[in-house]
Every structure is written in structure tokens, then in C-alpha cells.
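One chain, subunit A, links the two complexes that follow: it is found with subunit B in the first and with subunit C in the second.
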Partner chain A sequence: MRKSYVSIAAMITAATLLAACAGGGASSKLKVGLVTDTGGVNDKSFNQSAWTGVQKAATEFGWDAKFIESKQPTDYEKNIDQFATEKYDVIVTVGFLMGDATAAKAIQYPNIKFSIIDNAFFPTKGAKVCDDSKKDCYVDGGLKNVTSLMFQEDEVGFLAGVVAAGISKTGTVCTVAGMEIPPVVKFVTGYEAGAKWMNASAKALHVYIPSFVDPAKGKEVGNSMISQSCDVVFGAGGNTGNGGLLAAKEKSLAAIGVDVDQYNTYPEVKDALVTSATKNVDVAVYEYLKTVNAKSDKGGILTANIKNAGIGLAPFHDWDSKVSDAVKAKVKEATDGLKAGTIKTGYQP
Partner chain B sequence: MNQQTTSPARAIGQGLRLKGRWWVTALVGLMLIVVLWLLLNLIIGGQCDGPCVVGALAQTLRVATPIAFAALCGVMCERSGVVDIGIEGKMLMAAMVGYAVNLFAYQALKDSMGVVAAGNLSRWLAMFAGVLAAMVLAALHAVVSIEFKTNQIITGTVINILAVGLTGFLYRQFLAEHLPAGPGTFPIINIPILSNIPIIGPILFQQKPLTYIMLITVVVIQYVLFHTPWGLRTRAVGEHPRAADTVGVNVYKIRYINVIAGGLIAGLAGVWFTLEAVDVFNPMMTNGLGFIGLAAMIFGKWNPFGALLGALIFGLGNGVTSTISIFRPDIPSQLPQMLPYLLTVVILTGVVGRATAPAADGTPYEK
Partner chain C sequence: MKTESFAPRKWLALSRLTNSAFLLPLLALVTALILGAIIIWVTSGSIGTVFDAFGGLIRGALFKERGLSESLIATVPYVFLSLAVAVGFKAGLFNIGVEGQFYMGAISAVFVGQLATGLPAIIHLPLTLLAGAAGGALWAAIPGYLKVRTGAHEVITTIMLNYVAFRFTELIISGPLRDIHSTAVQTTRVASSAEVWLLYEVPARLQDPLNAFAVALIAGFIAFLVSRTIRRRRERIAAAAPMVLSVGRGKPTRAPGILSRHSSLVTAIVAGVATGVLLPILTRLWWPFTDQYDRLHIGVLFAIAAAVAVWWLIGKTTIGFELRTVGANPNAAIYAGMSITKNVVLAMAISGALAGIAGTIEVLGVSICRCLPLFFSSGYGFDSIAISLLANNSPFGILGVAFLFGAMRNGADLMELSSGVSKYIISLMQALILLFVSAPPIIRWLYRIRTEQKGQRLGLPGSWGGKA
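For the complex of A and B:
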């Protein structure tokens, strides 16, 4: 009697965070683990966003959720192993750089469901379907247990570029970019294409910095580009990019954030922050976990784009009055064009 | 100077060793910079004009600041015979403590004394606190490696790991979320009159306070090491502690004070990140500059001026990297990124030649 009472109570309160914390020990509970990239779970950017998504799902479905932070790339496999040995059912890995580790471990633990953000694995890869044009082909039947959560960063980057060229007085816009990996390159390519679409004579500068945790260098690079008359700085590189935003703020110029609405996560620069090119990583992770809960997940690649609103520009906040209606109309036009496929961002994988 | 040698770099190196005068070093440095600039302009097609060059040089000095501090910490410790590879850890600790104190002191003070005054006071308080935190770690290093005679490399490594763990933990517990906005970084201080000199003014005299402090510290330590009794004792202890002990120098005391003073300087390097460069802290944000500082120290042959030159060359490499990246996006970004490190290797092997550490460096002294 008492036991059933407890289980009913647990079910009722499953929707609250409290239940997720207090109800530990039940063996039937699904366990979901998140392995962050080196940015860590409080990076004010996509690791944090992924964790938000995991927490939301765990709370709603009454799962156990935990995260492990990777301090350096050699931790990736170790951290996945740790979840695997603790018999976790779902492991979410954050970031393109974790691709190889995730693939290797997905093969090693075929019964665990993996989900990776920003790195596309094709699930049906067997010896037969494998052709040379596709990367990450595995002869032993492919990665059926991996779901890739992809984002079309180039599309939202494009919109950011439209805004940037629209508000730029000098006609020069720039990007302080992190490591030169596909998600970052997509942001940069889209941003520059968007700026040129808005203003054909716009000049677009960018510098890649081989780190996501170097705001000091990001700021210096931002300053260098500002001295080349750039007046809208796009920070596309985690904490490194944040340095670029700060450079713009100190020179009273405009800045555009990335991944999440940085007006909330990095309030120090809100005077300069026009908008942010957001990837709704939390939504994507949550939607994926929802399919896991419904047992309808089938691996493969899920892509978030403008069309399904998985990515988009954040609100203009304080800048709303300073961005002219003409620019806003152009953003609308670009959004429609991207949705319809009449506008191409020019990104080649 | 022997002109028949195989490579110009070697010839310059020999010239350095034969003459050993400071102005030769300075001249060679200047020549290198000019050559680099010409090369750079060749690569970027002459797009870097006057203001761009001045901007790059001002940036060089800014970037060199934490490296020079780190190198000076190394000089202080190693001249007295204690190897310190825990500079990175001390910097990280100081960066975090400085950030936290700046933020919370500002919150506590701003209502009672106004936004501007509170910002100023909290920044200096934060600098003091950050430096103090680094000195505590330095004191730990001193006690363990001087008193208990452990291997100094291991102690330094332990301090690095300790700092990474401790700052990561404290950051996640207290500094990651729901923070009020802080007062920001130090403002730029324009030195009156001097800052109006063309070219030199914007490079040297329109900087933030820690950059000025760095330049002063270099001169002070150079003077202390080579022109005061304390410096003589320090060097004696670093070269031959037994001989120094025989003539009545307190080896332990000298080493303690030098290591802790080194911690003070490493603390300044750390607070540069969160009080002068940016107003955020994130784990691992020192990015190995402490170790680059050690390289600058070796480059400078354990001399403060040499260390500053080493730091400037690395800073210049950084500036050149971003300039190339801006003007030539068609060059794969990885190539210019290698430049500062490549430059360090080339200069260390080709120009500096053999650098000899103080003889007793790294050896605990037993009475």
C-alpha cells in the first residue's frame, strides 16, 4: 500500500524539478547523460543550451539527468565511458569536435542511444549504401544508434549579415570567429553572404581564432578589425567571440551575438548588442528526447532551419528603435527567400 | 664579427655573444621587426597603412603585458634557484579572484559611493585581492619546495592542476549564473603630454594601467637584480647557494621572498585578463600564456629586459597573425596561427643561441 502510494506520488510530481531530484533510486527510470565540450555547461552559449534541453526533458518525463564537462579533447571518450559504465540509456554529446569520440563509442556501445549536436552521421551506412561522396561511413553497418542534431547556421548567419549591413555606417562588417569547424564556418559564410545581399558594396572581414575559451584574444582581434573600419562585430566563437562583442561595446559600436540570445546571457554588452543569431539547441535536444520518450526515435539527421524555426534571430531589445523599418523589411524578405529556397547562402559543405 | 658563417641568423647570434651589448640586441630586434613588417606588407599587398601599423604595435604591447609579467615571475624565482612552472596556475587563480572581487565589491559599494567611484575602487581592490591569491599559491610553492625540498617541477604542476580545479569549481558554484553586471575593465589612461606625441604616443602612452605597471616592473627588477645587494645575493643563491651560505647569506629567506614576490608579479599577469583585457572570467582563460612567459624568460636569458623583448616578439607575432588573417582570408587560417609559435622556435634556436639557466636552478638547498 505504502509502496504504491509512493509511486503514484512520484508520477504526479514528475513534472516538477523537485521530483527529478528527490525521486532518485528507482531502477526503471531512464538515465540521460550530457557530455559538454571544453566550453563547459555554463558557457552562456550552446553547451548551456543543450543542458537546458536535457533538464527540461528529464523534468517532464521524470528521468535522471547528469552532465560531465570535458576539460580537454582527450576527455571526450573518457566521459562517454563513464556514462556507459553507469548504464546510462541516452548520451548527448555537444559539439562538432566530439564527432570522432561519439562515433567510436556508438560502435562500442550499440545499445546506448547517442545524440550529437553539430556533427552529421549517416545512420544507414552499411557496406552497400556507403559511397565515397559521404563522409563517416562505417563498414560494419553504420551508426544506427546515433541521432545527429544539425543546424543551418548559414541561414541565421545570413539574416544577421542582413541586419549588420543594414545598420553599418562604414559599410564594413566583421566576424570574430572561433575554431574553423563547420558550424562556425557556416555562420561566417552566411553572415558575409547576407551582408553582401543587403549591400553589394559591403566589405566583410573575419578572423578565425583556434580556441573557444580565449576572450582576451577575441577582443584584440575585434579591435584590429574595428581599426579597419568595421562597425558591426559578429562574435561567432563561444567565449572567444564574446571578446569581440566587448571590443564593439567599448568602442560604442554594434555587436551581434551567437547561439543564444546573449542579451540575457552576457548583459555587460547589451548596449551594443543588436541581436543574436540563435540556434535553439535546447529545443532540438528536447524534441529529440521527446521522441526517445515516445519510443519513436530512429536515428539519422534532424536539421533545424529557418523553415522549422529551429534557428532564428533574437529580438532587437534596446536596439528595436534604432533598426529602421527598411532593414526589418529586408530581414523579412530574406527570411521568406531562405524559406522558399530562392535565396542561397553560398555555403558549400 | 665573423661574416663567413653559414646563416645570417647564426652570424647575428654570434655577434650577440661576442659583443653582448644591449644596444646590439635592440638593433637586431629592430631589424627583425622591420624585415617582418616588409614581409607582412608583401603578403597583404601593402594594405596595412600608418594607423594600421601603429594599431598593431599598440596591440603588441597590450598582448605582451601578461607574458612579460609571467616571464618576470619566472626570472624572480629562477634567479634565486627555484624553478616555477606553476605561473599559469597562479595567473588563473588571480584572474578568477580579481573578477569575483571586482564584481561583488562593486555591488556592495555602488549604492553608497556612486557608480564611478565604486567602479574605480573595486577594480583596485580586485587587483589587490587577485595578487594576494597568487601570492598564497606562491607561498605554498615556496614552503613545499624550499622547506620540504620536493621536486619543484612536480610542485609547479600540482599548483597548475590545483588552480584549474579550484577555479573551475568556484566558477561553477558562484560565478556562472545570475550575476549582476560588473563595473567593467580599467579605463585607458592617457599620460598627459606624452600621449600626444605622434606614433609613440598611441603605442606607449595610451594604455591601461597594468601595461604601465609592467613596463615599470621590468625596469625595477632589472635594477634590483643587477645593481643592489639584494640582487647580488639573489643571483649568488641561484648560482651557488653553498658559497652564498658560507659568506652569511640566508639562502632560505632569499628564496622565500623571491618566490613570493614572483607570485605577486604572476598575480598581476592574472588580473590583466579579467581587469584589463575583458570583463568576463571563464575556466582556462589564461590559455597557456604562463608557459609562453617561461619561453620569453629563457629567450631573454633570465634578464628582465630580455624577457620583455621575448614577450614583445610573441605579442608582435600575434598582431601579425590577425593582420594577415584580416587581409588574406584566402590563406588557410591555420598557417598564420602557427606564426607566433614558429617565430618563438626560430628565434630561440637561431638568434638566442645557448641560454644557460642559473646553476642551482631547480635544486633544493640542503644545509
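For the complex of A and C:
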């Protein structure tokens, strides 16, 4: 009796494996692939936002769109390669941490268009891809096929700081920040500059947590800063920052979200959520893909700022009545100042 | 009961198969794959998706460009970490801290890899590997010592030390070892001499006479071991049957000459010189790995060597015998005069050393920056516990199962791309495998396998819940 069960199992497996080898297919549609960083495509933040932008473009232009989530940093190259060897036409990579891998693969596949969010390439001494003998990585450094989608996070951080200092009762505001990498540093710097601009005696605290996926740590850090009388918590660090928002919500204080309007993506904290410092990653990705569709893309750096509305504060939603007109007027004033260049955020790259 | 062993001859092979330790893991695997297929079928509502999914999985893992290489790259850390877990199991220890030891190995390797510069690769690479092994070994020795001295169970202490290791490496990466020129949070690139060679680079690397010398040394060493083993076996046979030999010859054998007395050494020298001279020339003329974008590295060879070394250490040496005895029956071990303290700490240290080497190879051979960025490994360590159980702690079984897991991990992405099935279905299948392996009655019941087999001990450690 037992032998028959064993052999049946063996036969089924063999059949499955054999039949499986026959799979696969091809289509002539333009194919666009998105490689997320370790946060994954449902991070309620910029990976998700990038995917939204890709999907929007794909639906509108009738493209095929797929994503691959990276489990760990050593997967970046492999995942980009996965799309490249599957003959994808456009590959969007999300996040600063994928810079090296994206550059290496862009050189390997000069006929594929690459777009990276949050990372610009500059000639660097001793760099493997684009060393300082080059003038411009995109023009003569081998990265002609790469478009960097950059955001001036310090500007929107500044506006968030203005709001924070405006509604703070204790005069202390704080940031639960993710990894200390340029986009996060820009948010923090802008936020603190904005708070000081609004209220010269405001105190600003921040802690960088070397993770984007550790809400527990974010919450712990948030609570510790709240105990130092911070009453407006800015969560700037993906899921880690979300922990800071949760800490504020549990203490019935105010919180400011990041990257996307977290009122929609993280409704659990909406009571506390005053606004969000949004980077309209979806818009940036969509606009880029639109140029691809129109065949007018030419590589290089595209910067989203207050001026071109690529970044901005999310609506106040439930807090609209609680934010005074004086604060709103100040936000307006700061916005105009940033647009006109009369206000500086103090961020030095 | 007795009649079973006198089964008809034609079922002999099958009954041997059912008695072998490999049957249950194999059936567990098959069952998990079938269940996975059913789940895909049910959730997608189409049988075609099942074929697309498995087709994508197999093509991604084996047949697509660089697919096999990527599978092997994922296999290497699995092999080392599973061997680490297996060594622990053999000594009755459940080391679930391999993930943390992996990190500690990686950070030690980075330290030596970037601080010691100007050394030739022949010294620097082994030194860095050694540093990685030492980092992992020391980290793992702590719970070993705590277990013997305080009775703190290693399951608790190793898993807690994992978090200490994660936070510690984060601290080191973002603090003292951070690359101040890079805006990313990562350590400085290790020196080129400490890098694990990519297979693509091998011909170029061998042009350096020192590297060729290193390879010659290794080849000589292997030849020595093989030759000595063969000779000893021959001598043992000769000693066991002196009559047979003397009958044939008719006259007494001569005393062996200097060459045959040192035949192993001679073989070693010949093999070493030949390799050292010929390999650089031959690889220059012809080398199969010409794709400069292929990330496959010589760590694959290290993994095979590690499996052989563990097999030999555990199965063939006094050290291994003591470890196994302590694992199987601590009281008997004490009675036989073996030191529990020494053996438990040693087993943990060996286990940790293997895990540390895994981390080292990832840093020196796979990481694009040849450095340690934040969040380096993701679950290699935890998967490895499953691999070790599935392979029944056999070093060579581990090579196979680790490749299976590596291939599944690598093929999963193409599976998702070509069928739309979430790649987390792979984790689900692996979890099912683990479930079936750790609960053999399910599989026995499913396939009507009788339970009278002996030696049906799966890898669960004897110390679980008890005190070694």
C-alpha cells in the first residue's frame, strides 16, 4: 500500500515540474518594472507612492507594470537584473540606497531607461561608476539613460516646522527620523529651521534611527522625546517614523506625517495627524513616465520643489478648525518666501 | 516486527528507501509543493497560474540568464548557516542565534578587511575569513558558557543576543566604521586584497604569483588528505588480511622506500606544483565564467569545503565524537570523563564560526559596496534552521537542501513576475516543509508509512526543555 502513495506523490511532482517548464509568454507592450527597497510596496510611504505613479501611467498608456520587493540590500542588483533580463523597457528604482546598484545596471544595460527616486549622481573621487574625471555623470559618466527624481524635502519640512511651532503649546517640537541619509536630513533640517522661523524660541529635538522598518523603536524614541515636553511629533522615516506618529496619538498630542498624506495611508493615527509633509513621488514618477511615453525624456536630474508643486503640505483634514488662521497665514507667507527664494531652509548638501 | 526485514527481494530497494532518513524530508518537500500548488490554484482560480508560477520559479532559479548563479549565491550563506545550526544540534544545542553571529562575523571581517591594507590576498583574505569566524565564534561561545555555568537555555540566550548583535552592528556601522565619504549608511569598502573573488575574476587574479601560490597550497593540501586517506584504507585492509597478501607474493615484502613512505607528501607536492603552474596558464586560455556581470564567487567552493570539513570533524574525529556524545547523552559523557563545559562551549564556538564565515563571505563577495550596509541579512539565519532540520543535520544533505532553498528564494521573483502570484507563497511552502519535518506523524499518516523504523531521530535537540 505504502509504495503506491509514495510513487503517486513522485509522479505528481514530476508532472508538475515538467508541465511547469512549458510556461512563459511574451507581449509587445512597453514594460515598466519597479524595484522597491526593503520597505516593500505596501510601506504606506514612498515605495507605495512610487508604485501608485507607475500604475497610473501603466493604466493610462496601456503598459505592463510589475514590481519586485527587495528583501535585503544585496538583492538590489539581482532584482534590477531580473527586469532587465526579462526585457523590461523602463526600470524605476526607489530610494537612495539603490544608487550604486542602479548605476551599475544602467551602464550594463544602456538601452533600458532607468529612473531612480531620491538619488542623484555626482562625480565622486574614487567612485566606481562616475569618478571625478567626469563633468556630469548623466552626460559623460555613462548614465545617459538614467533620470533622477529628486525632491527638496527641506522646503516642505520647513512648512511642516512652521505648522508645528504654530500649534505647539510647550514650544518644543521633535522629529522621529529614519536613517541619516540626505532626504531624511533635509526633512529634519527644514523642519527645525521652519520651527525657529515661526517661533525663535522654539526648541527642536530629533533622533535618527538607522532603520525605515522599525515602528517599535520609532514609538519608543517618540515617547522619550514627548517626555522631554515635545508636543508635535514629526515622523520622518518610513515605517519607523510611523511609530513616532503612534506615540503622539496615544498621548493625544499632534503628529505630522511624511512622504504621502498619511491621513489616508495610516488612518489609525488620523486624530493626531495635523498634516503631512508630502513628496508627491507618485506625481514625479507619473510625470517622468509621461515623458517616456511622449519620447521626450532625456535623462538627468528632475527636481520637485514647492515652486513646481512636486512637494507640499497635505490638507489639515480634521485639524482644519484647530489650526488658527494666524498659523495658516504664516504657512502662506513661508510658501511664498520659499517660492521666491527669499527664505532659505539652511540645508547644505 | 521481525518479518519486515525479510520482505520480498523486489521491494528491497523501496524498503531501504522508506527506512532511510531521507524519505520523510523528501515527502515533506513534495507535500509542501503540492499544497503550495493547490493554494495557488485556489487563490488564483486558474490551473494555468499554477503552471506559470512553477514555470517562472524554475526558470528564474535555474535557466534564465545568471539564474543558476544567483541561486548558488543565495545557497552559500544557507550552507554555512545550516551547518552552523547542524553542529549545534549534534551537540544537543539549538543555536537560533546564527543570524546574530552572521552579523558579528560580518562586522569583524569588515574591521580586518578595511583596516589591514597593503597585505597580499594570500594573507589578507584568509585573515579576514578568520576574523569573521572568530567574531561569530566568540559571540556564540557566550550562550554556550552561560548554559553550562548558569543553566540559561541557549534558545533564550542566543535569540536575545541576536538583537544585541543587530543593534551593536548598527552602532558600529553608523559610528566608528561608517564611510564618511558616502552619504549612505555603510562601512568603508574593504581592501581589494580581502575581497572574495568572483569566478569571473579568477584568471586575472591568478596572474599574481602569490595568488597562484595560495591556490597551489590548497590543491597540495587536498591532494595530501585524499592520498593519505586512500593509503590508510589500503593499510587497514592489508592489516586485516595478512594471509591473503602473503599467499600471492610468495616472498616477504620489502621495507618501503623513502618515496612510498612519504607518498602522500610527494603527491601533495606534485599536485600543488602542477596546479600552481598550470592553472594560471589554463584559466587564461579557457575559462567558462566570462560574464563580468555574473556575481557568482568562489565562496561556493568554500561552502563545499565547509560541508566536507564539518562531516569530517563531527563524524571522524575525537572532538566530533565528544560533541556527539555530549549531545546524545550528557550523563554518559560525564561518566566517560568528557568535559561538558568544554564541549558545549566548543560546539557553540564552531557553530558561531561557521555563521561568522557566512557573514564574511556576504560582505566580501556579494555586497555591491564590499562593505556592510545596514540591514544586511534578511532571514537567512532563520531559514537555515529549517534547512538543517530538513537535511536531518547531514552536512551533505545540507548542501542539497540549501541549494533547494536558495533556488526557491531566487526563483521567487520571476515566479511573481510571470504569474502574479506573490512570492511570499515560497515562504509559506517553506513553512509547510518545516511543519511536516518537525511533525513526522502527519507525513506518516498521509502516506501510510509505518512507524517501526529505527534511527528515526529528527534533528530536534535532546536538550530541549531538559538540562544538558
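As a working rule, the second predicted complex is superposed on the first by the 302 of 349 C-alpha atoms of A that agree within 3 Å, B and C clash if a C-alpha of one lies under 4 Å from a C-alpha of the other, contacts with A are read in each partner's own complex, and residues count from 1 in each chain.
Everything that follows uses one rule, which is that a contact is a pair of C-beta atoms (placed from the backbone, for glycine too) under 8 Å apart; a residue touches a chain by one contact, two chains touch by 3 or more.
Every value quoted in this text rests on a predicted model; they were computed, and no experiment measured them.
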| item | value |
| --- | --- |
| Contacts of A:Thr52 with subunit B and subunit C, given as first, second, both or neither | neither |
| Partner chain in contact with A:Pro210 - subunit B first, subunit C second, else both or neither | both |
| A:Glu220 touches, of subunit B and subunit C: first, second, both or neither? | first |
| Which of subunit B and subunit C A:Asp81 touches, first, second, both or neither | second |
| Partner chain in contact with A:Lys71 - subunit B first, subunit C second, else both or neither | both |
| First, second, both or neither for A:Pro182, with subunit B first and subunit C second | second |
| Partner contacting more residues of subunit A (subunit B vs subunit C) | C |
| Which superposed partner A:Asn308 touches (first subunit B, second subunit C, both, neither) | neither |
| First (subunit B), second (subunit C), both or neither touched by A:Asp43 | first |
| Subunit B versus subunit C as contact partner of A:Ser229, first or second or both or neither | neither |
| Contact residues common to both interfaces of subunit A (with subunit B and with subunit C) | 38, 69, 71, 180, 210-211, 213 |
| For the subunit A and subunit B complex, residues of the former touching the latter | 38-43, 69, 71, 180, 205-211, 213-221, 223-225, 227-228, 239, 242-243, 246, 266-268 |
| Complex contacts: residues of subunit C adjacent to subunit A | 11, 14, 17-18, 23, 27, 30-31, 33-34, 37, 50-60, 64-66, 70, 73, 170, 173-174, 181, 183-185, 293, 295, 362, 366-369, 373-379, 410, 413-414, 416-419, 423, 446-450 |
| In the complex with subunit A, residue positions of subunit B that touch it | 51-52, 55-56, 59, 62-63, 164, 168, 171-172, 176-177, 181-182, 184, 273, 277-280, 282-285, 287, 318-319, 322-323, 325-326, 329, 333-334, 337 |
| Of all residues in subunit A, those that touch subunit C in their complex | 1-3, 5-6, 9-10, 12-13, 16-17, 19-24, 33, 38, 66, 68-69, 71-74, 76-79, 81-83, 85-86, 96-97, 99-101, 104, 108, 124-126, 179-182, 210-211, 213 |
